[in-house]
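Below, each structure is written out as structure tokens.
Two complexes are shown next, each including chain A; its partner changes from chain B in the first to chain C in the second.
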Partner chain A sequence: MASWKPYDEMKVMGQRQPRLDGPEKVTGRARYTYDQRPPGMLYGVLLTSPHAAARVVAIDADRARALPGVRAVLTDIHPTGNVRFAGEYVAAVAAVNKQVALDAVALIEVNWQTRAHVVTLWEAIDEDAPRVFADKDNVTESERGDGDVDAGFSQAETIVEAEFFTQVQTHSPLETHGSVAAWDGDELTVWDSTQAVHGVREGLAKALEMPANKVRVICHHMGGGFGAKLGPGAYSVIAAKLARQAGAPVQLMLSRKDQHLSVGNRPDSWQQLKLGATKDGQFTAFECTTWGSGGIGGRGGVSQPYVYSFPAWKQQHHDVATNTGGARAFRAPGRPQACFAMEQIIDEMAWKLGLDPLDVRLRNDGNETRHEQWRIGAERIDWPRWRRREPGAGAGPIKRGVGMGASIWFTGGRGTKAQMDILSDGTVEVRCGTQDLGTGTRTLVAAVAAEELGLPIAAINARIGDSDFPYSGGSGGSTTAPSVAPAIKNTAEKAKAELAIVVARHLGVAADTLSFVDGTVRVASGQTLSWREACAMLGANAVSVQGEWQEGLSGSNVAGCQFAEVEVDTETGRISVIKVVAVADCGLIVDRLTTESQVNGAVIQGISYALLEERIMDSETGRMVNADFENYKVLGALETPEIDVILYDQPERGVIGIGEPPTIPTSAAVANAVYHAIGVRLRDLPMTPDKVLRALEGA
Partner chain B sequence: MVPFDLVSPRNLRDVAESLADGRGEILAGGTDLLDRLKERIDPPARVVNIKSLKELYGITEDSGLSLGPLTTMTEVAGNDRVRHQYPALAEAALSVATPQLRNMATLGGNLCQRPRCWYFRSNDYPCLKKGGSVCYAVTGRNKYHAIFGGGPSYIVHPSDTAPALIALGAQLEIHGATGKRMLPLHDFFQGPRENLLHENRLQRDELITRVQLPPAKESTRSTFLKFREKQSLDFAISSVAVALDMDGDTVRDGRIVLGGVAPVPWSVPAAVQQLQGRRLGSAIDDAAEAAVEGARPLDENGFKVTLTRNLLRRALQQLAQGKADAR
Partner chain C sequence: MNEHKNDNEEAQSAVSRRGFLKGIGGGFIGSAAVGTGLLGEQAAAAVTGPPTMSGPQRITLHINGTQRQLDVEPRTTLLEALRDRLQLTGSKEVCDRGQCGACTVLIDGVAVLACMTLAADVGQREVTTVEGLAPEGQMNDLQQAFVAQDALMCGFCTPGFVMAGEALLRTNPTPTAGEIRMGVSGNVCRCGTYPKVFEAIEVTAKKRRS
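What follows is the complex of A and B.
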């Protein structure tokens, strides 16, 4: 099995390497999909359905076609003509500029036959509710469990029952989804804002019924995805079709409204929980009934029972279809919802039993790594001092409290391939068909290659984000680092071995007497060559190798925990997060800066979920009323607290994924802190001032 | 966007002429108008760019203070006279949106900006305010809507500077085809019952040419407190502007104006009455109660009553303690 060199001998990996593309990004030179301008490029705009449920009877686009500057019009992009949410794509236009395209779309007349719709979970589960799919109930039930729940509850000395609600959150990446499509004969190049260049290539080839080897997908830089850009988008296919019709490249970037409506979200949830424990806090049974609405996608999973050990448990779940955009994977799917409810009911149990909430967790948390992490986090936030404070006990209108929550993740990654060239001038290029969705993958690729070759990171040209490069999977499930890092190491190892053979031949020594350290090649006999001198020996025969993922260099299963300190203004209902201590499992750290950055981003997104973000639906019209960034509120710099990131490294486990787990427990930790501060529990996300004031009034 | 003519008048008479047929709309910083043009909401046939009119710029000192309507929020908030003598206005201007927007947004535009109701701002809803026949907010989503003075439309007036300026006793100088007139800002706004389509009483050929503040008195204390869900880029859910004329610790007179809670900046004389002739510190709760008397919340905005009461209480406490910091 492959293995990494000892952690303490690493010179590049495990250090703090500034992001390689940072300067490009902050100076505006980095070119995103939005910035691509192939010669003659046209602008595409979508016509979307204003109705949540309707049939397209006819589309009249004659006036749009006649508008000067319009180059292509598609009226057959909806597969069935049966629209199931407001925001579905029904027609598209490409024109010489954005304005003409928008004007043309406004000229398209659609004859609609509207049907009754349901846009919230509550309406959809009603027996008489209109059906989202004619041939299917809105609700799909399922049951899971383990052990004898009744026996478990009969052993319990205390039972707590509680109900929780979480909202629909849209991914809201800064760069909306979109593509620029350009044909060259029967070959298609698509610049796509995507988390999966190879996945989009396959999907596009299938959708356009063309060979995959004639499709190339490029994504050099992208402005976030969080799971919503893991597959080929309908917009990419439409861009390609518009481009074919127009005979010119077409850019089709979604508007912010399109993004909120049509390309995914985190489903909401309604959770009824019941927890039994002995009087010293040992859990005996857990039972829950949960609902989640994933729009027309149907599925709204809630991952209960969340992380703790229960001798017996049962979950009765309901996936609920509504006439809203379908859910998609969103940074730790199913977990933040479950965590929010579970960590709160555990807290309730602890306070009710007069026990320390941390002790109750330790008693029921079977994860040994997390035990150590709980201890570290508790010390950093000074929990021993806080635990003595009774919930709601602070004086004055502004109160503080501390709460906590656990995180978890599972997947490792595999399957990545890569190529490396070492050229005779000493330059190194590594190519891998992965992509950097903002996590720092490019820097990771260069760091691993540099470490293996004994070079500084700047010596490596890391080329990624192109389906012409060797296969790597989509950047989802926190699989990228564990999948990519081993492949790069293996490739660099092979390249180094080839170089060693050539150098050894020139020097008349055995290849295994060479070592590559600090930009030099050292021979056991004492001779030292510079890297460049060594590479010059390659002459016209550059090293060019391919490598792939190897067992033994990466791991799975991630634990972590967070503590939040909050301040609640009981007169205005404002919750301000003061500090978050985030202990994150990170295995062998490839780069500390990008790892910390992942945790920071996850915590920020978690607070945003806790306090602000929410898709607000209007039942009567079936539309989202805040499909913008004015009233769909995303956390800003002024609401961002001090984030104390503690990287809990375990190099012996190899490289693991870090992107998702740290966003899971933040909202739960904040909610528990709010209870600690005001003595009243908030069971409904987001915890906006109106809910805080109402809860206080009801208390 | 619906095509329009862009005109650049050279003097105030030209402006009045370009507006006379009611089909023109003034362009100042454009931070409000451009969004509406893009969404095709009440699109004008003619956009009248007033930015080359020098007389509309600048802050000049007379007995009081005279502010040109093209003064930006950044300039208002940063002006020393404003900060020291009319702190409520400085705080209000500083609380608007973000630095980028404050650099573009003008005072005249801030007073004349259209409502932010999400049904109004989207072309999908032909509501009352756009000449349609229903108010979607009454039975729809109305967390941010009016708790006072609503019906048949339930917008809230979005301006932060308006409540502050009214509390400080500002007057407007207004120019139209027939010359100029002065109007107390307090009388400038009108609710939906008076006029559904226009939030202010400007005639169609008129524009604001000056915002006039009365001389500041040593005995006046003023402050502005705004509550929003986000600390940047967010409109007021509720705001309170208070200007009190004090005799030591005792309140002689004053004005209290609430923002973000009614279709117009909402003056609450009943709250001032509770304060008059009393030591400020002893009358705060009574005034705060009186201010929210008669509130008529919708389904989702009842919290604004509590919030507004508490916000006013906090503003008065701060004035009583002699500190005035916005939050």
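What follows is the complex of A and C.
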């Protein structure tokens, strides 16, 4: 099995390395898909359905086609003509500029035959609700479990039952989904804002019925994805078709509204939980009935029982279809919902039993890593002081409290290939068909290569984000770092070995007497060459090798815990998060600086989920009423708390992914802190001031 | 420029739908309104009806120390002019309606949302974009601090944050922590870079003072 060199011998990995594409990004030179401007490029705009359930009877686009400046019009882009949510794509236009394209879209007349729709979970589970799919119930039931739940509850000395609700959250990456498509004869190049260049290539080839080796997908920079950009998009196919019809490149980026409606979300949930425990806080059984609506995707999974060990448990789950955009993987799918409910019922149990909520967790947490993390986090937030404060005990209208939550995420690596060239002038290029979502993957690639070759990171030209480069999978499930880092190491190792053979031959020594350190090549006998001198020996025969992912360099099962301190204004209902302590399991850290940023970002998204974000559907019209950034609120600078990021190093576990885990427990920790502050529990996300005031009134 | 000029001649008859749409309170209703009766007809009427202002106008923009002539329609925003006509794609369009700050530029040193500004209204005033802070790619001190502190992740919001930070430091060289937050409170970052953005601005303020 492959292994990393000892952590304390590492010179590049594990350091605080500013990201390599930083200078391009801060100066505006980085070209995202949105910024591509191939010569003659046209602007595409979609016509989307205003109806949540309808059939397209006819589309008349004659006036649009006649508008000067319009170069392509597609009226056959909907696969069936049977629309199931407001926001589905039904026609598209490409024109010389965006304004003309918008004008043209407004001239398209659609004859609709509308049907009854259902856009909320509550309505959809009603027996008489309109069906989203004619041939299928809106609700699909499933059951999972382990052990004898009835026996477990009969052993319980205390039982707590509670109900929780979480909202639909949209991914809201700042760069919307979109593509620029350009044909050169029968070859297609697509710049795509994607989490999977290879996946998009395969998907496009299939959809366009063309060979995959004639499709190239490029994503040098992309403005966030969070799970929503893992698959090939219908908009990419439409862009390619518009470009073919127009005979010119076409850019088709979704509008902010399209983004909220049509390219995924985190499903909502309704969770009825029942927890049994002995009087010293040992869990005996857990049971829950859950619902989640994934729109037309149907799936609304809630990953119960989350994190803790239960001798017996049962989950009865209901996936609910609605006439809304389908759910997509969103930063730890199914986990934040489950964590929010589970951590609160555990808290409730602890306070009810008169026990320390932390002690109850430790007693039922089977994860050894997290035991240590709980200890670290508790110390940082000064839990021993806070635990003495009774919930709601603070004097005055503004009250403070502390709460906690835990997480686990599987992550782990998988097949990735890479290629490395070492040229005779000493330059190094490494190519890998992965992509950088803003997570720092480009920097990671260079850091791993530099470490292996004994070079500074600036010496490596890391090229990623192109399906012409060796295969790497989609960036999802926090698998990118553990997939890519081992492949780069293996590739660099092989390249180094080839270089060593050439240098050894020149020097008349054995290759295994050479070592590559600090930009030099050292011979055991004492001679030292600079890296450049060594590479010059390659002459016309550059090193060019391929390597791939190896077992033993990456890890999985990422544990973490968080503590949040909040302040609640009981007069206005406003919750302010003051501080979050995030203890994150990091395995072997490749770049400490970008890892910190990942944790910050995950916590911030978690607070945003806890306090602000919510897709609001209007039952009457079947439309989302807040499909913008004014009424769909994303956490801003003023609401950002102090975040104490604790990277819990475990280099012996290899490289792991950190993108998802730290967003899971934040909303739960905040909710428990709110309870600790005001003595009243909020069971419904987002925890907006109106809900706080209502809860206080009911108390 | 030539290629764009032709584009505009062709587009002339399309008149100012944007003005119309902005007038009824939304820049982006096309998709929802089509074929739904009243709004669809109104939108159509706006295209064929009497224009309030129409046709391209020749304007000169003073951008990043240079003068750029271009023909714009009255409805063309400064953001479109920068991104689609002048290839200055550093300023981003994220919401297209003043809700995110990604399109922030400086006009005479003051932070302005380019998506909410009509190109034809800019006049003689000096526009500075994120590219203009780094002539020949040389980052200014604030941009360097953004990189050093890792105040960017996907980077899509970053030009807007850099410009908001720059505007803040020009008007208030000694901002408090609260003033820094306030200074970038009109900017949205989905990746969650705020803590490091605060650090980058603070570090730069200190440096500029010394």
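Structure notes:
By definition in this document, the second predicted complex is superposed on the first by the 699 of 699 C-alpha atoms of A that agree within 3 Å, B and C clash if a C-alpha of one lies under 4 Å from a C-alpha of the other, contacts with A are read in each partner's own complex, and residues count from 1 in each chain.
Going forward, a residue touches a chain if its C-beta (ideal position, glycine included) is under 8 Å from a C-beta of that chain, and two chains touch if they have at least 3 such contacts.
Quick caveat, the model's predicted, so the values are computed rather than measured.
In the overlay built on the shared chain, the residue A:E596 is in contact with chain C alone; chain B does not reach it.
Of the two partner chains placed around the shared chain by superposition, chain C is the only one that A:Q605 touches, whereas chain B remains out of contact. By the touch criterion defined above, A:I108 lies against chain C but remains apart from chain B after alignment on the C-alpha atoms of chain A. Contacts of A:N97 after superposition on the shared chain: chain C is touched, whereas chain B is not.
In the superposition on chain A, contact of A:T688 is made with chain B only, not with chain C.
By the touch criterion stated above, A:I376 is placed in contact with neither chain B nor chain C.
Contacts of A:A151 after superposition: neither chain B nor chain C is touched.
Contacts of A:M222 after superposition on the shared chain: chain C is touched, whereas chain B is not. More residues of chain A are in touch with C than with the other of chain B and chain C.
In the superposed model, A:L638 makes contact with both chain B and chain C.
Shared contact residues of chain A with chain B and chain C: 50, 99, 102-103, 106, 623, 629-630, 635-638.
Of all residues in chain A, only 18-19, 21-23, 25-32, 34-35, 37, 40, 43, 45-48, 50, 63, 67-69, 86, 96-100, 102-103, 105-112, 172-175, 221-224, 226, 255-258, 437-440, 593-594, 596-598, 600-605, 623, 628-630, 634-638, 640, 642-643 touch chain C in the complex they form.
Chain contact summary for the complex, chain B toward chain A: residues 1, 40, 116, 118-119, 122, 124-125, 136, 139-141, 143-144, 227, 229-234, 237, 300-304, 306-307, 310-311, 313-314. The touching residues of chain A, counted against chain B in their complex, run 50, 99, 102-103, 106, 571-574, 612, 616-621, 623, 625-626, 629-631, 633, 635-639, 688-690, 693-694, 697. Within the complex formed with chain A, the chain C residues making contact are 3, 7, 10-14, 17-18, 28, 30-36, 40, 43-44, 47, 73, 75-76, 80, 83-84, 87-97, 99-100, 102, 129-131, 133-134, 137, 139, 143, 146-148, 150, 152-159, 162, 181-182, 184-185, 187-198.
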